[in-house]
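Per-chain residue numbering starts at 1, and chain names A, B, C and D are given in the order in which the chains are listed.
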C-alpha cells in the first residue's frame, strides 16, 4: 500500500514536495522532447541513414519508459479514477482522455508486431502530453484565463464559425459553376472549389487555384474582402471576452468593493 | 379553418409545443443537408457516374417536398403576411425575402422544363434556409448580439469600407499606369489591376499577378502594409462594439440605476 | 456681390437650404463617378475601340465642367480663403490641399497641349474629391470618430510602424546574405530582399520570391510569425482607442453624470 | 576629470541642455542612416560599380567615427557601468546589451584584417542603435506603454505561442505522413512539412509547397482556419492589455481614490 502511494505520488502531479517527483517529471518531459526530435531526425534521410541504429534503439528505450509509466498509471488507476471495483477503475483510466493519449502514444510501437500497419505518426500524440507542462507551472493561470474566455464566448464563436461554413459552401457552389468549365483541372468538382474557398477566405492564397474568368475574379474578390470580416469578428469577440474577464476580477484596492 | 391553423403551426416556427412540428423541422433540415450533399456528390464525376440515377431520383424527391412546403406556405400566407385580401397576402409572401429564397431554391428544377437554361446552381440557395436553424435554438441570442453589434457600428464600418474602395480604385489606377506596359498580360486594363489590388490589400496574394517594376513593387508594398490597417480598423470597431454591448448591462456608479 | 455670394453658396457646402446647391453637388458627384468609369472603360481595349470618340468627347465635357467649377472656386477664393488681398486669396486657395487636388484633376488634360507628357493617371485624383461625399452626409460623425481615434493613437501607431520598418530592414539584410548567393535572381540586392520582407511580414506571400535554403526558411518563418504581432499590435491599439472614445462620451441617462 | 565628464555627457543622453550634445546625437543618427543606405547601395550591382571607391571610403569613415565613439564609451564606462574597479566597469560595459551591439556593429570591419571571414551583415546591427531615437524624444511614452502591455500579457502571449508551436509540430507530423509519399520533393521530411505549416498557419501561403491529396487539403484547410484563431487570440489579448492600461488612470467609483 505504501509502495502504491509512492507510485501514485510519482505519476500524478498532486504532491509537489518530494524532489524525486520533480526529477521524474523532468525526465518524462525531456524524453518527450527527445522522442519528438528523434522522430523528426528519422524523417530526414541525410541524417537518419547515419544514425539509423541509434535512433531505433532510442525509440525502443523511450517506448519502454512510456510503457512502464503507463503500467504505473494503470496500477494506481483506482486512486486517480475511483470506481466501484478495480477493473472499472482501470477501464475508466484507459478510456479517459489522458489514458487514451498515453495509450495511442505507445501503441504504434506494439501494433506492427501483431498486424502489418504503419501508425507511427500516432507517436506525435506524445506532443499533447506536453500541454501538461503548462498545467504544472506558473502558466496555469493564463491557460485557464484563455480557456475561460473561449468558453464564455463559445456561443458567439460557434455562430461565427457556422456562418463562415455556410459562406464557404455557398462560394464554392458559385465558383464551381462559374469556373468549372473554363478550368476543369482547377475546379473539377465542388470539393475542389471548397479548397479554393478556404484558401481565399482565410487569405492564405497558395496560388495553386485561382479564378481566371471575370465573374470568378469578382466572386473571389468579394470572398477575400469578406475574409477581413471573418478575422475581425472572432478577434472582436475574443477581445471583448478578455476585457470582460478582467473586469470581473477587479476590486478597488482602497475600499475593497468590486468595480464593474 | 382548423386544418389551415395546423398547416400554419407546421410551417411557421411559432408553436413549439407539438411534437409533430419538431419532426417536420428536423425532416426539412435533414433534407436540406442531404440535398446539398447530393449536389456536391453530383459534381464529383467519379462518384456521380455510379449513383447517377439515385441522385436524380433524390433530387426529384427533395424538390417535391420543398414544393409541397412552398404550397403550404402559400396557403397560409394570409396568416403569415396579413394584407387586405388573400391575393395581396400571396404576393406579399412570394416577394418577401423568405418567399423568394424558397422559390429560387425550387425554381431551377421546373424552369428547364419550360425554357432551356441551366440555373441549377440556384439550388444552393437552400443553404440560406439553413440560417433558420440558428433562429430556432439557443444560438439565437448570440446571433442577435453579433447582428446588433454590426448594426451599431454600421456607419463606421461603411466609412471604412468606402475608404477601402477608394484606396483599391486609386491603387489600381496607379498600378495600371506603372505596370501596364511592362506586363500587358497581367495588367491589360484597370479592371485587371483592380483584381491585383484586392488580392494585395486583403493579403490573399495568389501570386498570379504581381508587380515586376521598382515603382510597382513600391506601390504594392505600401498597399500590403495598408492591408494591416484595413484589417485593424474593422476589428477595432467591432471589438469596441462588443465591449459597448456588454457594458450596456451595467449600472451607473453614481445613481445605481441600470444604463440602457 | 450678390452673384458672387450665390457662386460661393454653390461651390461651398455651407448653405444646405437651396435646392439648386443640392443639385449642383449631385451633378458634380455623378460626373466624378462617370469620369472614373470612363477612365476604366478607356483602359479596356475591347470596349474603348468601339466607344473611342464618345469617351473622348465625354472627357472633354467633364474637364470643361471641372474647369468651370475650378474657375468659380478661384472667383470666390477671397471668401473661402480670406487674406489681406485678392491675389493672396487666390494663391492660398490654389496651394491649399483642396485647391491642389482640383488642379491636378484637370491639369492632365491641358498639359499635353503645351508639353508632351502623359499625366493622365493624375485624373484619378478626382477620386479624392469623392471623400467630400462623406463630409456632407450622415457619415461625418463616423469619419470624425475614426479620424479622432487614429489621431489619439498617432504616437503608438508611429512607434509600431517604426519598429516594423526596422524589422523589415533587418530581415532583408539577413535574407540578402543568406539567400543572395543561392538565388541571385530572386535576391539580387537588399532592395529585392526588402520586397520579400514586406510580402512575408504582411502575409501577402505572392510566391514570386521565397527562401530555398534552410536558414532562409527559418528566418522567413520567424518573420511570418512576427507578422501576427504586426497585425495584433495596431489592431489592439486602435481597438482600445475606440473604447476610450466611447467611454468619453458616455453619460448616465438617469443622473446625467459622466461615467468613467 | 572635467574632460571625462564632458565625454560622459556627450555619449550618454543624460544631459539634454548643451547644444553640442544634441549635435553629437544628430551626427551619430545621420551616420547610422547613411551607413545603412550605403550598405543597401553597395548590394545593388548597377549602382555599386560606379561608386565603389566612394562607398568604400565612406565605410572606412563611418567605422572610424563609430570606433571613436566606442572608445569614448569604454573611457567613461566606470560612470555608466559602476563597478568595484575600472577593469570590471569596462567588462560590464563590453558585455552589456548596448556594448555588444556597438561592438558587433564595428567588428565586421576589423575582423577580416585578422581572419578571413565575412561578417559584413553584422553591420546591420547599427540599426538596433536606431531604436535609441525612440528613447530620446516624445515617443518614449508610447514605446513604454506598448512595452508595458506586452509585459503585462507576457504569460498569456507565451501560452498562445506555445500552443501555436505544438499545433505547428502536430500539423507537420500529420502532413509529412499524408503528403510525403505523393510529393517527395515538397515534403521530403518533417522539417519541410514544418515550413509548410508556418506558411499556412500565418496565412502567408507562398505557394511553393501545398497539399495535393484530399486528406492533405483537408488538414491544410483546418490549419488555415485555425490561423484565424492564431491571429485573433494575441490580438484580443493585446487589445485587452491596452484597455487595462488605459483604465489604470481611473478612480474607484465607490471611494474615489485612484486605482493603480
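Here is the rule we go by: a residue touches a chain if its C-beta (ideal position, glycine included) is under 8 Å from a C-beta of that chain, and two chains touch if they have at least 3 such contacts.
Protein names from UniProt, one per chain: A, B, C, D = MlotiK1 channel.
Quick caveat, the model's predicted, so the values are computed rather than measured.
*Asks:* Using only the C-alpha atoms, find the rotation that maps chain A (MlotiK1 channel) onto chain D (MlotiK1 channel) and quote its angle between 0 and 180 degrees, to the nearest 5.
*Replies:* It is a rotation of 90 degrees, to the nearest 5.
*Asks:* Interface check for copies chain A (MlotiK1 channel) and chain B (MlotiK1 channel). Shared numbers divided by all numbers used: above half gives same, below half gives different; which is it?
*Replies:* Mostly different residues.
*Asks:* Taking B-C as the reference interface, which entry in C-D, B-D or A-C shares over half of its contact pairs by residue number?
*Replies:* Answer for B-C: the repeating interface is C-D.
*Asks:* From the mean C-alpha coordinate of chain A (MlotiK1 channel) to that of chain B (MlotiK1 channel), what's the distance rounded to whole Å?
*Replies:* Here chain A (MlotiK1 channel) and chain B (MlotiK1 channel) have centroids separated by 31 Å.
*Asks:* Where the CA atoms of chain B (MlotiK1 channel) average out and where those of chain D (MlotiK1 channel) average out, how many Å apart are those spots?
*Replies:* 43
*Asks:* Touching at least two other chains at once: which residues of chain D (MlotiK1 channel) meet that condition?
*Replies:* 191, 203-207, 231, 235-237, 239-240, 243, 253-254
*Asks:* By the document's touch definition, which label belongs to this structure's chain graph: line, ring, star, complete, or other?
*Replies:* Contact map by chain: complete.
*Asks:* For chain A (MlotiK1 channel), which residues are in contact with chain C (MlotiK1 channel) within the complex?
*Replies:* 203, 205-207, 235-236, 239, 243
*Asks:* Could you please specify the touching residues of chain D (MlotiK1 channel) with respect to chain A (MlotiK1 channel) in the complex?
*Replies:* Residues in contact with chain A (MlotiK1 channel): 155-156, 158-160, 162-163, 166, 169-170, 173-174, 176-177, 180, 188-191, 200, 203-207, 210, 214, 217, 220-221, 224-225, 227-229, 231-233, 235-237, 239-240, 243-244, 252-255, 257, 259-260.
*Asks:* Show me the residue ranges of chain D (MlotiK1 channel) that touch chain C (MlotiK1 channel) in the complex, using the header's touch definition.
*Replies:* Going through chain D (MlotiK1 channel), the ones touching chain C (MlotiK1 channel) are 36, 39-40, 43-45, 120-121, 124, 127-128, 130-131, 134, 138-139, 141-143, 145-146, 149, 164, 191, 194-195, 198-199, 202-208, 230-231, 234-235, 237-243, 246, 250-251, 253.
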